[in-house]
Amino acid sequence: MNVLVWNENRHEKKNPIVSDIYPKGIHGAIAAFLSEDTVNVKTSTLDEPEHGLTDEVLIGTDVLIWWGHMAHHEVLDEIVEKVHKRVLEGMGLIVLHSGHFSKIFKKLMGTTCDLKWREADEKERLWVVDPSHPITEGIGEYIELEKEEMYGEHFDIPSPDQLIFLSWFEGGEVFRSGATYQRGKGKVFYFRPGHETYPTYYNEEIQQVIKNAVQWVNNSDTPTPVYGNTNPIETISKKEKG
Amino acid sequence: MNVLVWNENRHEKKNPIVSDIYPKGIHGAIAAFLSEDTVNVKTSTLDEPEHGLTDEVLIGTDVLIWWGHMAHHEVLDEIVEKVHKRVLEGMGLIVLHSGHFSKIFKKLMGTTCDLKWREADEKERLWVVDPSHPITEGIGEYIELEKEEMYGEHFDIPSPDQLIFLSWFEGGEVFRSGATYQRGKGKVFYFRPGHETYPTYYNEEIQQVIKNAVQWVNNSDTPTPVYGNTNPIETISKKEKG
Amino acid sequence: MNVLVWNENRHEKKNPIVSDIYPKGIHGAIAAFLSEDTVNVKTSTLDEPEHGLTDEVLIGTDVLIWWGHMAHHEVLDEIVEKVHKRVLEGMGLIVLHSGHFSKIFKKLMGTTCDLKWREADEKERLWVVDPSHPITEGIGEYIELEKEEMYGEHFDIPSPDQLIFLSWFEGGEVFRSGATYQRGKGKVFYFRPGHETYPTYYNEEIQQVIKNAVQWVNNSDTPTPVYGNTNPIETISKKEKG
Amino acid sequence: MNVLVWNENRHEKKNPIVSDIYPKGIHGAIAAFLSEDTVNVKTSTLDEPEHGLTDEVLIGTDVLIWWGHMAHHEVLDEIVEKVHKRVLEGMGLIVLHSGHFSKIFKKLMGTTCDLKWREADEKERLWVVDPSHPITEGIGEYIELEKEEMYGEHFDIPSPDQLIFLSWFEGGEVFRSGATYQRGKGKVFYFRPGHETYPTYYNEEIQQVIKNAVQWVNNSDTPTPVYGNTNPIETISKKEKG
């Protein structure tokens, strides 16, 4: 399985707090823990040519992980089209945190994906609401993060196919923080945590969820359905018999 | 309630079979039977300025009905953006037949919306699978159409929120022919029948379904959720308590 | 519309704290605010003959509201069967709070309906996650209850058809506190709040939700589907044509 | 993985047509093809003591396959309770054909599970509507069965978590013929085909679906959620910190 971790990689360049936490970038941190398990992990970032998402790269990717925030608008529409096409063809997609506002996630959801937010060093507790789902394997009742950005309802998404996690925040809000969707042949998992100013992606339970999700969204071997103009089965059958 | 029936209105101009069946256009036929019940019904077509979908028109529309087929690509992206925004704000949307491939439906679904099809004068029978849904009120076990275009699975849509009708076709296929979705505050209903060369929209049961759906998708009075940066409720509450 | 409020009415007899809050019983309090809107509201309690749920009563009921807690096991199985049958026929059902463990709710869900709980005078905040659903009409972003019993995930229910409210609790838990289900022709709404030692059913927003839900679950006029052995449609059609 | 194939095994004893097709019983035929893949396959039948579903057998079963028809009422309620408990604990369940009316399926669904039917040697075509689901792996666009009993809508079940197959019947009906549900930790798959007077379980594609489903419903290793009275996390956390 080939996993590609895509990161905007801008906060890391502009904010020393972020680069101190993630010296190799958020993509580097995610790729590092995924490499413990998965044979092939690569990374791409916004400022590479074609954002590092060339046709060749996309065709060779089974699972794409997406982190973006301040530069969603800089992602070229034609690249978004290509990523979208690949998801519908079966490439798994994991959208993290502020990726809720990425072009690719909004294109797959069809909604604004808007929400409430607050940066106030609040405790988050992600409760498992689907304890027998493969994505929660090895996770206990909840994951606790000492400090995170708050995301609160209402979260403007289509009703998830499966609701996996619900977050509780110290400041008083709740959030649907783990949700799955099927789009075409592609499996999509949105996972809330991971604000750039906190070391969330070093948390071993968060890492476990992402590892589990990589396995779960991987679906690239399934056959392509037949579409378009078609002959009448019944008539053919009758002729063959006749 | 203000209903707007939008029609591409091209087959009517080019194909005498179609204009014979629908001398006032498909939009005219739909508007005519809706006018029996609903106070305000208007129509717009592709070739009007801004496709008859100006800001003023859209703001004044509670429910939009969409029929298109051969000229989906001619609908301007900026108009699609406006219609999309209005749906998310609560304007109901009913997408008919070949509208499955319209820009607005694909944008709301996030998938290709592809399917199988055949023009062979086949009998269609639409079975009710949600007999207590308001959209099926007054309909018996099924609606039979003597001749229709066939649409067959696989239909590349997200799993519907509610599956209302399933079609049986003489040639051997089945199709999810009535399906609802919520997108933002907007309620969406896809309804399969209505190929331009058949008098489907004169069928009284088809008319009843569309009338029911107009009532059901109308949701324009609901409040707008609060999004964006927000203050911590708990801190405020504690301060207020003193 | 005929609404029946059913209450176990045992805490009220044994615990003066409860009878002080609800001198006419929880059923009396609920019936009182519903009577402001709805023409016919009646009440029944466990200790009446047949628990006040005779065939005649059930046939005349469009919407049943259920509150029970300490005596679920005393509800006779044959009465549960009758209530279940009526729900599948289209009688709306609103299950409140500790009714999650009632025989009727478990029978409709097919699961244990187990959950976590704590009585510790905690603040509850019910966030609206489906802001355009009729059940949340007139409710803002959330309902705040100063003191309530805590119910926490994991809540062992089938995935709801529609998730309406999510609760945040002061002690650190979350809960799916408003959920809808369709069973047969019957619409079911589970609503979490209302522990007997708190004056929750005097809260005007809680009352508004229950009033909205009464309207929403009412579905008793829909036709009964046809089941059983059936003749082949196609053969008949061909003969008729022939 | 331990698979148990349960069969009523009455038609086989009373009807020579059935015993000619299935000389070792329907359970024997299913066990035979499953044994090609799966290490441990056992069978049990109605007339064994405790229907062959003792505590020991159930505890040792990861996936249970259920075929019943004429003697649903003879299955003891206490055995149904035990099977139900095991499903909620994570034992996978595959319900075949006329098992739609079994006590265990109705108990898990909460509805009548009623439907329309006809025995008229009709062709059935099961269309794949979820082509990237593991249960449809290796299956093309549809499975065709030359002769089967017809089952038609309306099928009185809760809306499936995932709709996998839709059947087309020669006589004019459609049916939701493959559907999944989660109940507690248990995964449930209902699969329509397999009337006792046809050799359906010798069809290789039908066998492939059942083999796939055995893998998919197997979920018995997942942890058991924590329920019941619980301490306040926040208070504990604060004390520990303090």
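Letters A, B, C and D mark the chains as written, and numbering starts fresh at 1 in each.
The rule we apply is simple: a contact is a pair of C-beta atoms (placed from the backbone, for glycine too) under 8 Å apart; a residue touches a chain by one contact, two chains touch by 3 or more.
Treat the numbers as computed from the prediction; the structure is a model and nothing was measured.
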Give me the chains shared as neighbours by chain A and chain B.
-> C, D
Return the chain whose centre of C-alpha atoms lies at maximal distance from the corresponding centre of chain B.
-> D
Taking each chain's mean CA coordinate, chain A and chain D are separated, in whole Å, by 33
If you average the Cα atoms of chain B and of chain D to get two centres, how far apart are those centres in Å?
-> 36
Could you list which residues of chain B touch at least two other chains?
-> 125, 128, 131, 141, 152, 154, 159, 172-173, 182, 225-226, 233
Pick one for the touching-chains graph, please: line, ring, star, complete, other.
-> complete
Contact residues on chain B for chain D in the complex?
-> 125, 127-129, 131, 141, 152-155, 159, 162-163, 166-169, 172-174, 176
Chain D residues within the chain A interface of the complex = 90, 125, 128, 131-132, 137, 140-141, 182, 185, 187, 219, 222-223, 225-226, 233
Flag every residue of chain A that touches chain B in the complex, lowest number first.
-> 88, 107-112, 114-118, 120, 122, 150, 152, 154, 156, 158-159, 161, 170-173, 181-184, 225-235, 237
